[in-house]
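The same subunit A turns up in both complexes below, where it pairs with subunit B and then with subunit C.
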Partner chain A sequence: MEALSLLQWLIDGLIGIGLLWLAWRALFCPELFKAIVLFIAFGLLMTLAWVRLKAPDVALAEVAIGAGLTGALLLSSWAKLRDFDANKGMGVREKNRVQSEQKTKRPFFHWLSATPVLLMAVGLGYGVLQLSPYATGLSTAVAENLDASGVSNPVTAVLLNFRAYDTLLEIAVLLLALIGIWSLEIRPSVREATLDPVLDLLARLLTPLLLLVSAYLLWVGAHASGGAFQAGSVLGAAGVLLILAGWRLPLSLAGLPLRITLVVGLSTFIAVAVLMMLDRGQLLAFPPSQASLIIFVLETTATLSIAAILAALFLGSRPDHSEKI
Partner chain B sequence: MSIAVLYALVGIGLFCLGVYALMIHAHLLRKILALNIMGSGVFMVLLALAGRTEIMPDPVPAAMVITGIVVAVSATAFALALMLKISAVTGRAELNDEEEK
Partner chain C sequence: MGDFLLTMPWAVVLILLPLVGAIVCFLWPKNVNQLGLVTLAGVFLSVVGLGAWLLENGVYHHAVGGWNAPLGIHLYADGLSLVMLGITALVGLFVSVYATAYFDRVQSEQFWPLWLFLLTALNALFLSADMFNLYVTLELLGLSAVALVALAGGKAALNGAMRYLLASLLGSLLFLFGVALLYHTYGSLDLAILSEQIEASPTVWMALGLISAGLLLKTALFPLHFWLPPAHASAFSPISALLSALVVKASFYLLLRLWLELFWPISGSVAGLLGILGVMAILWGSLQALRQTRVKMLVAYSTVAQIGYLFLAFPLAMGAGVTAWNAVMYLAISHALAKAAMFMAAGNLLRFGGHDRIADLDQLAQRLPLTVAAFALAGVSLIGLPPSGGFIGKWLLLEAALMQGRWDLAVVIVLGGVLAAMYLFKVLGYAFTEASTPSKVTAVPVRMEWAALLLASGAILLGFLAPLILPLLAIGTPFDAFSSAQEVMS
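Presenting the complex of A and B:
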């Protein structure tokens, strides 16, 4: 690690202070809507920090999922909450809502909780300062085995070969979250999206572009930054944009075809895992000669499922139910 | 102090801010925001400490953080759905923990 120049210190210091300030404002801003917008800005600044930390794969995932999709989810939930309140009564409720958004525990409790948090911050900070300034971690082990992994991007190699069970379980978590949301039976939002010509045009122009970017990210993931999660979230974002523009999945596709798309990633992963176990005696141990083909198949199906699940998470209610009411 | 330590300290700051906000806010949407910021803090510590090398940064924490981001968005979506359900049933987007008569 070479000594950092003044300019680098300036940039990193500004990013660090900016992150802490945005987080503080997002957490303690009196208006909830403003807080959510600040949180999205925080996600975008995080992306810059990931780039500074030489993790472009994480930066791509953060900007698409952390800032983009989480922001969309938060804003749409905020709007639904406001609609609930508006349905209950007019006028006075607005003031009540603002009060409830700002409500915190009693002031005594603030001090009671600030003290242990400060102590924890000091303890954790001391711990980090005690760490050795050099640590190679597993980067040499990854570099030595990269040739056998079937891809040349080390992050993709870790995600889909060396630690493929992480990715398997992660797709399962996504699916579980969706099953959880569907089983809550939330009423779909009554208010229909008003047809906005600008949004409509934007959706028409952006959807093909997003499809192209998604396919590119999926393909390039094998040897540069990108991969199934980034591609899936860009594709999912295209779905969210279409939902916002008033498009709905045709009923004929909302039943079985949608469900097959939702589970194809996980089921392919499990099928490959079982096949590898029968063939080589170990779960998800790919033979080096076929590894790149297996990873490509896994990534493609995972991209489809991730995109479908993320768009469905945003929609909230089951698409085949919302049409019936 | 190096860039790794700087960002690790920022990550700890974000995590602690998130914990504090999680404890003092009553509104559930704010609690979900706080959880997300805590998560970002953890990711930052992980990735900052992965960069303590002269060669390429350790790819294993980067892969774990990507997994973490996706898990965080799933958990956020589920938490938001639960919040909407609680709000639809009780009429308030917060949990009853005191002064319930």
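Presenting the complex of A and C:
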């Protein structure tokens, strides 16, 4: 027992120190590519930290979105920047680097900005130490009402029932992010993906597996860790893999059909909200007997939309862009 | 009809209608202008409906999902929310009409979904009574505002949008951190429950600091205004109008609401600091505006200065109570109307001459009289000349300052008006003179000129509407938390 707790302390300490070290390295690494890899490593270690904190739902989200998809997005931006530099010739880049180095080497401004940050860190440290170790929280209230929520996983109950309104707006945020990026009119990448047999094989093998994992996460969300966001990001990862392997959405599907997939999660949420409003006079008030079904429908459509949005974010440009020009 | 007005859940319509509008505009971009205008008209009517409901029944409560706080989320509306919703719908409607003439086809397909998301975020923010839900609305607001700035494309707009994005995200994170501290301590995110339980402790002070810092960054109070001029000046003009008139007001509203509900009893002493920053914002913003050579930059710096006025109420409220808050709300809505009109007028100048260099405005007073009239009328309200909304606001603020013998603040209030007159007359003066190099001109659609002029007239009209608006503001006595503190003092 004694040895076990010592081991746990050791692991926690290593995770904590590792997180700080990786964050520091990622911030101050002069090479962009290395910094991104360090950031992904940070996300993976963070996942372990969440597991140790007994928050498996957060851990799943962290590994899928924080490390996985964010990492993929950063790497694809890096690739675009590299292509851009290659087209412009290295001269510009060198010049920029020299300029930025000159700019950053002004220690006075470094210290000027470091002072409020340090003050804040001290204040926060003090504030956090003053906190009572046990949060009052709402876990008792959640547990008491869990039976009426339609699911047995408290996290899902909060996200899809007690605070479903937050989730509705969160899905809107995700959709908005994509619409915002599309409105930047990014030109599709000129470089066609080279046919890589290994990648091709990997995509063929992994895609069905990812589909299966996604379906499982969606299904299991009702009573254990999982749910729409995790399932959606795994499904989105399958989309990213296919895009990397050179697959593109057929143009016939890239217009309205794609757009409908992107909004189906949010639209269903709104439709349910309005129906419940008409039926029971309260926004998103599910009758307990049908709550389970309603939540399943909401999660399924949300999974589709989240996956489509994440894969589209990775692609960056609008898939139907070419027909517009 | 009366029954219908009183039974419809207007608050819910106000949130869902623009959201549905955004989705429809995204799916079928063919008729975005018509779809968008219908949505805006619907939102406007819903605010009227909500107003009728509030006048009849007092404050509005809605437990979303049938779950009461602390488990669920509450929607809440009182006079303060109503006035903010009203000014949002009004300015939004005029800017939308303006936008239908301003944007070309592709641009309006991009503009409408983003703008309707922004409207959803604004309405949801004004109606929420839950700290985490407020954070989500802030995210929706910040992201849609940044995307709108970036629409203009080009180096200046993209740089401005990027800076704005970083400032906005940092503000949201600080806010969220504060919310987490409050939730840990009190086990609730509901404003009403928190306001009953909250008491001074190091954690609450930390939360107060983080939340206020985050919202001040989003409101662009001096010295956290660095992101505002590039973002507001480089965006398309109707978007600058929305950002300056509504978006910075939303975070200000939230700050005001949280101070009134949560932080006032424990932090009356820090209010002086906000007042000092407000004074510096007025002076710095006005001086910078005087130095600008382009109309849009000048108008953007004027926003920095006018935001300063909103914070003068914090040190004054301790002694003057409701008068100070009424003053500040009056200034906020007058500024929303006047500044939106001014940015729209600036957009007209840009369309007409292809530039907004102040020195080359080239006899615009003769050639674009409606636009110059709009600019001048909006200016009257910004300076605070009678009869205008800005005058009522400044008058009330002066009254509050003099009541407590705060001569220093009174001097700043007047000085800010004088400086505003100086930078605005600089623009108007050049509008009457002939430029040395005449430039090619393009016709400005009539709709764009009238939209600006009508909004500017609205800012003047506000000067006569105080007996109508102040009672609306008093529904549910949003400033009550403060008056009870005042009674304890006296």
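The definition used in the following text is that the second predicted complex is superposed on the first by the 302 of 325 C-alpha atoms of A that agree within 3 Å, B and C clash if a C-alpha of one lies under 4 Å from a C-alpha of the other, contacts with A are read in each partner's own complex, and residues count from 1 in each chain.
One rule holds in what follows: a residue touches a chain if its C-beta (ideal position, glycine included) is under 8 Å from a C-beta of that chain, and two chains touch if they have at least 3 such contacts.
This one's a predicted model, so the numbers in the text were calculated from it and none came from an experiment.
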Kindly classify A:201 by the partners it touches after superposition: subunit B alone (first), subunit C alone (second), both, or neither? neither
According to the stated criteria, A:86 is in contact with first (subunit B), second (subunit C), both, or neither; which is it? neither
In the superposed arrangement, does A:282 touch subunit B (first), subunit C (second), both or neither? second
For A:142 in the superposed arrangement: first (subunit B), second (subunit C), both or neither? both
Partner with the higher number of touched subunit A residues, subunit C or subunit B: B
For A:267, using the defined touch cut-off, is the partner it touches subunit B, subunit C, both, or neither? Pick first, second, both or neither. second
Where does A:131 make contact in the superposed view: on subunit B (first), on subunit C (second), on both, or on neither? both
With both complexes overlaid on chain A, does A:259 touch subunit B (first), subunit C (second), both or neither? second
Kindly classify A:173 by the partners it touches after superposition: subunit B alone (first), subunit C alone (second), both, or neither? both
Regarding the shared-chain residue A:23, is it in contact with subunit B (first), subunit C (second), both, or neither? first
If I apply the document's touch criterion, which positions on subunit A are contacted by subunit B in one structure and by subunit C in the other? 124, 131-132, 135-138, 142, 162-163, 166, 170, 173, 176-177, 180, 184
Spell out the part of subunit C that touches subunit A in their complex, as residue ranges. 9, 12, 16, 19-20, 23, 26-27, 62-67, 70-73, 75, 110, 113-114, 117, 120, 124, 132-133, 136-137, 139-140, 143-144, 146-147, 150-151, 153, 177, 181, 183-188, 201-203, 205-207, 209
Touching residues (chain side subunit A, partner subunit B) in the complex: 1, 4, 8, 12-13, 16, 19-20, 23-24, 26-28, 32, 35-36, 39, 42-43, 46, 49-50, 52-55, 57-58, 61-62, 65-66, 69-70, 73-74, 77-78, 80-81, 84, 88, 100-105, 109-110, 113-114, 117-118, 120-121, 124-125, 128-129, 131-139, 142-143, 154-155, 157-159, 162-163, 166-167, 170, 173-174, 176-178, 180-181, 184, 186-187, 227, 229, 306, 310, 313-314, 316
Tell me, which parts of subunit A touch subunit C in their complex? 123-124, 126-127, 130-132, 135-138, 141-142, 145, 161-166, 169-170, 172-173, 176-177, 179-180, 182-185, 256, 259-260, 263, 266-267, 270, 273-274, 277, 280-286
Provide the residue numbers of subunit B that touch subunit A in the complex, in ascending order. 2-10, 12-21, 23-27, 29-30, 32-34, 36-37, 40, 43-45, 47-67, 69-78, 80-85, 87-88, 91-94
